[in-house]
Amino acid sequence: MGQITNSFLEAFKLIFSFDPELIEILYLSFEITIIAVLISSFIGIPLGTVLACTRFYFRKAIISIFFALMGLPPVVVGLFVYLIFSRSGTLGWMGLLYSPTVMIIAQIILITPIICCLTFQTIESVHLKYREFFQSFHIGRLKAVKAYIIDSRFELITVILAGFGRSISEVGAIIIVGGNIDHLTRVMTTAIALETSKGNLSLAMGLGIILLLVAVFVNVAMIFIKNKFLNPSNQDL
Amino acid sequence: MLKKNPNINITNLSYSINGKSLLNKISLDISGNGITVILGANGAGKTIFLKLLSGLINSDNGEIKTNSKDFSFRNSAMVFQEPIILRRSVLSNILFVIEKIQPHQKIMASELMDTLGLSGKDNQNAQTLSAGEKQRLSLARALITQPKILLLDEPTANIEPTSTIFIEKVLKRKSSSGTKIFFVTHDINQAKRLANDIIYLENGQVKEYSKGSIFFKKPTTLSAQKYISGIISDG
Amino acid sequence: MVKLLTNLLTLIVIAIVYLPPTFAKSIIVQSSTSLKNSGFYQHVIPVIKNEIGIDLHVVAVGTGQAIKNALNCDGDLLITHAKEAELAFLKTGFGLKRLELMYSHWLIIGPEDTANSLTVKNDISDAFYLIFSKKHKFVSRGDNSGTHMREIKLWKKAGLNPKTFSTKWYLEVGSGQGATLNTSIQLEAFTLTDSATWFSFQNKGNAQIAYKDEKNFNVYSLTTINSKKCPNIKLNESEEVVDFLTSKRGKALISSFSINGELVFFPL
């Protein structure tokens, strides 16, 4: 019990100390996560939409693959990205290993399937609901797809936030490709791993609590969006 | 020059799913005017028939022909039993189905909203409407496309009487101004109020097709008699 | 189409994040975890930066993994502590030059009540044999790190083969030094570690030093990478760092590093 209390104290001390190192770590965590989530959304949302509204050969196979990719162990992704960007790997000439860029790439590989699959589910349900109506009114495909996206915009925001949550708490992949280098590739989660390995459990938990606060904030944002905009009793739209 | 009377000719229309016949060789000659009410017990094939007419599904066999280019199922609109409402305002729900919105169509939209008792709700989130208002909205949305043929699948099954009255009033008016209406219902009294003619379906086949006045007085088949008197339940 | 988009976006990211070689010179050091966890690098990096203008980007993995990464050309300098593995690395041609830098001590850590039972022995491998014969719980790194390699060596010296050990008392956790210590302390088991790690470790619980090896030391060495095998390697910079660390000034820097008042590294 004492250790948990200590951890909370440590967390608050950390937050209110405005320790430049902590701020640097937080900044990098958010930078990497936000860029990765944005790019994953640019790939995953259109892809999920296409999979939801079109019928083509291998469609079901592709969907199954993406659903399987959602459960990809981060360490495997980390190793895969490491092997590609290692100086002896295919893209080694780019010299990106142990940089924030390669961490973003690993994150994109991890999150894109999640965003794609959740988008697929969201858009497919709207598609099934609207399909007959659109067909009977001869609504063009482009206009239909636009309507699917616009009408599920708030669900799509929660999809993006889900990707964000996964990304910011990820450690297995980015510690391999980023190397957890001080002032360069150290983020919240890899710092927690380091402090744990130093036996500095209170500090590790303290950082964990800050991560938890971020996660709670994201979830509250999700609930807020759901209540404010997805609730049918709400008047303004 | 005299315009010929619009007419719909259906021959040998059949539809089946997985080898199970849902509609079997329907042949009918229907006037292009007035309200045709389609009656029948659950599973008789009413909805399938309506979807075939609208072109939402394709028949296995047979054809549906009209006798002029202007009067065609290409220019039809459908109202579903469960209104499908987009997540946006009432007005943009109506205007959504129009490709390029002209100023006169905006005027028409507000007229339609007036006649269907939706005036003043232009900017309201359509999701917040009552079930009946949603159905009135979907009728308004169908009418703004100025369809020659209007298809309605039990539109008043789950809604309050006020909305039913609004809808029936508008349908009668549209019918008298030349829109052909197909109307599926389970409500015998509603059928009596609306029908110019009746198609009575049973097990995917037309058991009876006659003028409304005749059908309700003297149904020729036993099952139609039972249906009217309420012995065949709607389930 | 999607592929094109992906490529395009990757390029955009690279443009955003990848700032081509910054003004400061830097090298990637593949290092043993114990050195990083002890805070050694925080002690030396600012000085090296100040004196010769080179920043060290330290990737802390086990010695075995560090050498593997170096074989992929993913490091400019190795700082590790497993002589045989380092010599084998030199033999592959990837290693250029190996210099012994400093040493610390090997320690056996054990639970409070049984810790004293090992101190009488005069060689650390005797202590290992005692653990074996009493079937005391022992937690092994099992991750091919420098510490793990040393542990295997010590079992062999005691005439034993850890592959034949029962899992009832010999537990391979396959984790880093910190996780292994955490596990070992929770299980009240013995484990092998080095003095730098132990002094800086903050979750000691009731565990104590059961044996300190005064005969054979934990030697850290620097190995530079052959630029003929790895053309991208920053050989000049890493040689500068090696020269500095092995200079008088560097040795003084190493000797001045202490944890809680205890000196841990002794230059060679």
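For clarity, chains are labelled A, B and C in written order, and residue numbers in each chain start from 1.
We take it that contacts are C-beta pairs under 8 Å (C-beta built on N, C-alpha and C of every residue); 3 or more make two chains touch, one makes a residue touch a chain.
Here the structure is a predicted model, which means the values were calculated and not measured.
Because contacts link the chains only in sequence, without closing, their graph is best described as a line. A summary of chain positions shows that the Cα centroid lying nearest the centre of all protein Cα atoms is that of chain A.
In this assembly, the C-alpha centroid of chain B lies 79 Å from the C-alpha centroid of chain C.
Averaging Cα coordinates per chain places chain A and chain C 33 Å apart. In this assembly, the C-alpha centroid of chain A lies 47 Å from the C-alpha centroid of chain B. In chain A, no position touches at least two other chains. Every residue of chain A that touches chain B in the complex is listed here, in rising order: 129-130, 132-133, 135-137, 139, 147, 150-152, 232-237.
Chain B meets chain A in the complex at residues 54-56, 76-78, 80, 84, 86-89, 96-97, 124-125, 127-128, 145. On chain C, the positions that touch chain A within their shared complex are 2, 5-6, 9-10, 12-14, 16-18, 28, 33, 36-37, 41-42, 45, 57-60, 69, 71-74, 176-179, 181-182, 200-204, 230, 232. Residues 35, 39, 42-43, 46-47, 86-89, 92-101, 104-105, 179-182, 184, 194, 196-201 of chain A are the ones touching chain C in the complex.
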